[in-house]
Every structure is written in C-alpha cells, then in structure tokens.
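What follows is a set of structures to go through.
First subunit A sits with subunit B, and in the next complex the same chain sits with subunit C.
What follows is the complex of A and B.
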C-alpha cells in the first residue's frame, strides 16, 4: 500500500549522519511489543522481590534496583517508543539525548553536592 | 494490509506530520528536565522528615506494585493500538486505546486513594520537606497521566469519526510517545521513591 519515498525530496530530509539513519520495520506480528512487555514484567517483579524479601545487602540493593530501572527505561524507549524511526535524519535522538544529559546532570550533581555535609545542607 | 519491512510508517509520510513528531520529541526532552528537577528536589529532601513520617512509615508497597503493573500493561496496550493503526486495523486501534485509557483511569484512582489516605492521616505536604517534595513529584506525574486520559478520550472520538487519516496516525503516535514516557517516569518513581523508600 505505502512505499518508502524513493529519495528525500526536500532539503533536510536526507540522512546527513549515518549514525542517525532511521531503522524502520513493522512486522506481521507485534512480537517485539510482547517480548518488551514480558521483559518489563520480569524486571519489575525482580526489583520488587529483591526489596520486599531483602534478597541483597542494603549497600548493593539500591544500585541493583536502579540498574533494573534503567534497563526498563531503555526497553520502553527502544521497543515501544520506536526510537530509531523517523523521516530522514533522526534528529530527535540528539534532542532527547540532550534532555537526558541535562536531567541526569541535575539529579547527579544535586546528590553529589549534598554529600558534602557542610554549609548548604 | 501490512507494511512491507522497511517501509515508512504513514505518520511520517507527510513532511508536516514528521516535523510535528519531531516537535513532540522536543516537548518530551523538556519534560525530562522538569521531572529531573523534581527528582533532584526529592532525593535532596527525602531524609528531611521534620516531625512527620519517614518514607518507610507511609509507603505501602502492595498498592504501589498494583499501580506499576497497571501502568506497565497500559503502556503495552497503547503500543498494540499503534501497531493496529500501522497495520490499518481501525477497530483494534480504537479498542486498545480504550483499554489504555481505562487502565490509566484505574491507575489515577489508585493514586488518588493513596494520597487521600495519607492526607486523612494528617500527612499533608505542609508537614515536612520530604512530604512536600513527594507530593509535588508524584502529583506532577499523576496530573500528566490525568491529562493523558483526557487526550486519549478525544483521540478515540477522532479515530471513531474520522478514521485512520495521516493526521490521526501522527496524533496516535504522539500520544503513544507521551504515554510510554510517563511509564518511564513511573519506573523511576517506583524505584527511587517507593522501593528505595522502604529500604531501611
């Protein structure tokens, strides 16, 4: 029914950076979505069980739970949010990357500065 | 009818719709920074409980796990709605969208119940810096979800009356992005606020 446009017709639609080339696929069965959902359920259950039943020492527990959260976020972005799709260069990748960079900076440096128990805290 | 592998989904077919999707990503990037700021405030203030309760005293993991599973499932159903739209199944797209908004409404009502329980116990956001930052962070997410439900209702009507036009496909794609983004924020709320809150 629909075809990929042969070649970009408008300026700005060409793939200017090979790294940001779009990846497109709509297969005949939503297998990726189902796999992503099942993996998310497993990771959520694992994080919950680790905390509810104290399966790890307190020092490593928080780090493991955070790592599980970042894996789940990556699944949501990559599988469900069709991160690599777009028309021409996928310019939303550097934009969302900048958002994450600033966001993680705000959180990380706020924690870091409060670790100095002097003055500000 | 299925898209052959590698074909451009219809929401990108029109240049203007493609630009609008890029614009929506820009909005999501600003929302990332909004939530990052609120998370930063929360992690700085979570130990400042004054005379109020500590996180471990007011968090109940059971209802929170239920909220997490409901939102996770709604994230899955909206992806199925988008998949149905891309394979040109209008009825399936509408049905999955309705399932999504019902799950979203269930999530919001569980969260309102949690907030009301806390407030009736006297734990309002006036009580401590921890509670102020907690209600602001979780409430901002909850209001985003509430807004998303209203959006999903309007989108359902538009799909029902106008069908799978290119503009409607783009709107459904943007809504799916918004909804998955809220699920990502909730994963961090679940981990950083609730799970870390009961680790003592």
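What follows is the complex of A and C.
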C-alpha cells in the first residue's frame, strides 16, 4: 500500500474532544461497515415505506423522516467517513461546520424562496 | 419481419435521427472509426494503447487524455454553434426545423459546459497541480483514472444520442415541466439525465482527489500561502465541486424518477413543483459557473507574472478574493429566476449578493494589471490570450451587474442580452483562460512548443470573431429578440445584427481550425524544449525536464519561497534540483490497472439500459459496476517500486545528476 505522508502542519494533536477521540482500529472482518450498510438500508426502506403507504399523518411523518435522515447521516459520517479514525480530529470540526452551514443554508434558503407558492396557489 | 424488431428499429431510429445531415455525420463518424481501427491494427498499436494509455493511472497522461477529449468536444460544440448561427443569419431561414434547432442548442450548451470546459481544466489540473506542489502523483491515482473514464463514457453516452434514439431538446438546464414525459416523450432527456449523472460522479471524485492532494501532498516548506495561485484556484474549485454537484445529482435523480418510474416531483399537477427543479438546479448551476471561471483566474495568475518578469501583485489579496468569490457564489442562485415571483425580499437579497461578487473580481482584475505595470512584458501566445481576456471579461462582468439589478432584469430576462453576457464571461473568461493554459503548459506535457506565429493568428481570428459575434447580441437583446428562437420574421430590424453575429461565429471557427493546424504542424516540425523551462518560469513544474519522468521528482524539493523555482534561479542555485548518486531512493509508483475503464464501461452499459428502459441491461451494467468495485477492493498488488539504479539511470539520461 502507499504510505501516507506524515503531515506535521495539521493542528489537532493538542486539543482532544472526547466524542471525537481517535479510534485507530483495523479489524480483519469489516463488521462495523456491514452493520452500517444494513442499518442504512433499513432506515432508507423505513422512510420510503412511511411515505409510500402514508402510514402517519403528514406533520408526524415529516418529523419522523427528518429524524431518520439525521440518524443515517450520523451513521454515514461515523462508519464510512471514518470521522473518529483520523488523527487531528479538531481539524474535522470546521469542515463539518462548513458542511452543516452549506447544507442547512440550502434547505433554509430553499424554503424561503419557495414560500411564494403558498401566496399564489 | 417480427413486430418487436420493427418496434426496436423505431425506438432506436426515430424520424429526428433520420435527417440527411445526421445520416451524413453518422457515415463520416463510422468511416473515421474504421480508419482508426485499421491504423491501430496495421501499426500494431493496440497493446501500446491499452498498456500506455487506457489503463494508465499517471496524472500527466490522464491530463493529456482529458485535454484531447475536451478539444474534440470543443469541435462538436462549435459545430453546433455554427449550425445555430447559420439558421439565424437571415430572417425566416429554414436550414433546420424547430425540433432540430432545439436539439442543437441543447447539445451545444451541455457539451460546452460539461464535456468541454470541465474536462479541459481537469486536464490542466492533472498536468500542472502535482508538479507545482512537488508531488509524485495525485493523492488517489486510481480514483483519478476512474474520474476520467466516467467523464469519457458519460460524454460518449451523451454524444451517441443524436444518432441513436434522438437528442435531448429541453436546453442545457432542462427545466420541467417541458423535460417531463408528458411533453418530451422520447429518450433524449433520459440521455441527458444519465450522461450528466455518470460524468458528475467523476467530477465529484476529482474534486475530492485534488482537495486531498493539495492539502496533504505539498512539498516540505510549501505552506498554504506559498502555493502558486493556480493551485489555490484548484483548491477552491474542488471545494465548489464538492458542495455544488450533490444538488445537481438530486435534481437529475428526481427528474429521472419522474420520467422512468412515474413519480411526480416536478410534474404539472399531482402536487409536482416544477420551480423546485429550477431552485435545485441553480444551487448547483451558479457555483458551477465559478467552477468554470476560477481555473482561468488561476491560469492567468501564473501567466501574467511569468511573462511580466515580476512576482504577482497582491498575492494575499488574490487568495482572499478567490475565497470571497467561493463563499459568495453559494448565495446568488436566485438571480437565474427572479421572474418566478418570489417577491421583493428574496429578489433584493439575491440581487445584492450577486453585485457583491463584482468586488473581489475587480480586485483580481486590478492585481493582474498592476502585475504587468512596470514589468518586462513578452507578448507570447499565452500572454495574448490574457490580454484579450481583460477587456472581454470586464464587459461580461459589467453586463452581469446590470442583470443583477432585479427591476431591470425583468427586461433582460430570456433575451439575447443574457446570451451575450454569459458567452462574454464563459468564452472570454474560461475559454480564453483554458487556451492560454494550453499554450503555456503544452511544452511541459509533450516536450515541444506550439508554433508562436500560428498561435498568434489563431488568437487574432478567435478574438476578433468573438467580439463580432457577441457584441451585436447585446443589442439584439435590447431590441427584444428572445433566446432559443428557431427563426424570426423579417421587418423587426434584427437582420443586420444577426448577420454580423453569424459572420463573427465563422471567424471564430476559422480561429479554431488554425489552432488545430497549429497543433498538427508543430507536431510535425517540433521545436524541442530541451531545458524544461521554455518560458523562464517561476514555479516548480519548470524545474523538471519536459515531459517529466513517470515519478516526477526523483527527490522531493524543499520550498522556502513563494516562486520556488524563480528564487532558486535568482540565487544561482538551480543545481539544487539535481541529484547526487548517493541520494537516490527507491520510489513507489502506482501500477496501471484496467479496473477504472471497466467500471466506467459498466456504468455506460447500465445507463444505456436505463435510457431505453431495458431493465435487463441496466441490471447487467449494475452488476458490472459492483464486480469492478469488488475486484478493485481486493487487489493487493497495486503499486510497484522503482529501484534506485533505474531512477539514477533516468536522471542521468536527463542530465540531472551531479558528476
């Protein structure tokens, strides 16, 4: 395998956040990844079924689907994006912050922009 | 004949692909393909093609393949443009029918943006960025090859649409409800959706790849603020790609669900919301135009100091303005649809944020001019494109600020004024920049220079043609000509301006022909670059021989100053890049692998299955994708070690070893 170059310029060795403390483990069987994959599939299927068959009233449905989405995002970040496996975990914080800023910004702005529809239809 | 066979033939060859000009092109393409096959077979080059190019993971070769593909796509998009302009040269012309006209402007826009401009600068990133930061390759070489092949097969998928099944016809941004099944029943829109989706995966991967490369693989001593500006532009472009492409993926994916699986996200009725597509598309689309222009800014920031023999004026301001444009470009997308009716609050917010972008862009303009001020300017071809860029882009930028004024935009919207504006910035900015970069880095790619005299002619024709084409279009906009008109009646006073515009387009076409001639002529009469530094350059790529060896740097250089190579030359220490025999180390380089091309070919097969709703074929392609990925994951033997003796031999041959 290619050797990862040592990079002394990244900050983060000095500050540790318990939640983001690095877990550098490489087990042979990728149990965590498979569990994450199956959980993601179940969560997606659940959300799809809830919407397709209208199993809940609309307001509850929105909240439940949102909660499912956030759980899945956390699984993606934790299992597949190796959030807790890198060195320099504080370096992740501004990047995740930027992602949240852009993501929530897009959602918030889109709602604001598309609200006009309630006035015309 | 069996009825299913008749049905199949009707599906593959609807009336719109049976026009005489398209059949003529089909025959021409088939003959060219046969000629290439015969040539490769006669010269026994199939093995060479497979081993040296199709399976390569070397960033320099991937860069060259990107650029060749982009030039071919520039030709295709250019021919589309000339067809459009031929139709409009006189009132009431019927060179093409309205349906074909719609198809041609759709493919012109889509090809130029997704399959010409983007791969062109991906190619230049690949060629230059690793060499500029003192790296041996990009961070993920195999992923890099995957990106290229996804782009190539995506482009192929899009381009076969005009001879098999019919081209898309809903414009490059493909607004619903017109792009929905109800109004657009053929397979053309499916081609658009799938081709962009496949090449989009490649673009996102390229963004990630260059982000990691630039953050992690810089030579020791090269801090962020010592990076060349082109590397900075690659960094911000990659960031933009990473955040901008996912909304496009979503918009295309939902439209695909509408068309293929009977969903109703954007349909008329059934609670569909067509304007939501516009919203999602432009969340991608506006950052996209900055994705297109930032690399050009980076190229000019290298070209201007080199040919003015001065360091870049206001380096810090240049970096800050790049970051400011990156940030602001996410907050302007509504200016593409002010007329939707969102109300004054929304429109004023997005109008103001759009105008704000003019400030950092103006800073950059002044900095390039101040860099030239008092410098010893050499009027080489890359510099000519830069000098052409400054007035062109200023006009395009100023008309952009005019469009940002919401009340006035109600007049300009959907008129030729908009066409003139965005060609002014995309051709005058992006294309001029890319061609400048092409001439600038050409010797580094191939080891020989492009002829300067022919290059100046190409520039002269392209530049003159450009102004003649697009300036009249501003006035056509003022006179009320709307975009995408397949024809127009006489007596509206549009004839003269349209004729000028068409003549200009053909002059640009001549410029392109001269460019191709320039490349072919220079290949046959090469002016070899023996020094590796033909332009008296400033950055690290010019410290290497042209073309660079497979491993780029036998020893990773140490960087102390901003223009690392220039400072070595000033201090008379250019020997520092040479090796002593005892310094040679073994070098790890990645092995070639056919996995990327197989993966992308599977995507192609699967997507074609989706386009025609042949589910067995889609599943087959999907299985191919999974199999390629699985095979790629279990490969252990992914890199090889160059032993010190062979490295030393190569370096000796290049004259880079201390005696």
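Annotations for the structure displayed:
In this section, the second predicted complex is superposed on the first by the 81 of 121 C-alpha atoms of A that agree within 3 Å, B and C clash if a C-alpha of one lies under 4 Å from a C-alpha of the other, contacts with A are read in each partner's own complex, and residues count from 1 in each chain.
As a working rule, contacts are C-beta pairs under 8 Å (C-beta built on N, C-alpha and C of every residue); 3 or more make two chains touch, one makes a residue touch a chain.
Everything quoted here is computed from the prediction, not taken from an experiment.
By the touch criterion defined above, A:69 lies against subunit B but remains apart from subunit C after alignment on the C-alpha atoms of chain A.
Within the superposed three-chain model, A:106 lies in touch with subunit B and with subunit C [touch as defined at top]. Of the two partner chains placed by superposition, A:35 touches none, neither subunit B nor subunit C. The wider contact with subunit A, measured as residues touched, comes from B rather than the other of subunit B and subunit C. Once chain A of one complex is fitted onto chain A of the other, the partner contacts of A:58 are limited to subunit B, with no touch recorded for subunit C. By the document's definition of touching, of the two partners only subunit B reaches A:48; subunit C does not. Residue contacts after overlaying the shared chain place A:116 against subunit C, while subunit B stays out of touching range. By the document's definition of touching, of the two partners only subunit B reaches A:81; subunit C does not.
Subunit A uses residues 1-3, 5, 99, 102, 106, 110, 114 to touch subunit B in one structure and subunit C in the other. Residues 1-5, 10, 13, 24-28, 30, 33-34, 36-37, 40-41, 44, 47-48, 51-52, 58, 61-62, 65-66, 68-69, 72-73, 76-77, 79-82, 85-88, 91-92, 95-96, 98-100, 102-104, 106-107, 110-111, 114 of subunit A touch subunit B in their complex. Those residues of subunit C that touch subunit A in the shared complex are 216-217, 223, 243, 247, 273, 275-276, 279-280, 283, 330-331, 334, 340-343, 346, 588, 590, 638-639. Considering their complex, residues 1-10, 12-13, 15, 18, 21-22, 25-26, 28-30, 32-33, 35-37, 39-41, 43-44, 61, 65, 68-69, 72-73, 75-76, 79-80, 83, 86-88, 173, 176-177, 180-181, 183-184, 187-188, 190-192, 195-196, 198-199 of subunit B touch subunit A. Every residue of subunit A that touches subunit C in the complex is listed here, in rising order: 1-3, 5, 7, 9, 99, 102, 105-106, 109-110, 112-117, 119-120.
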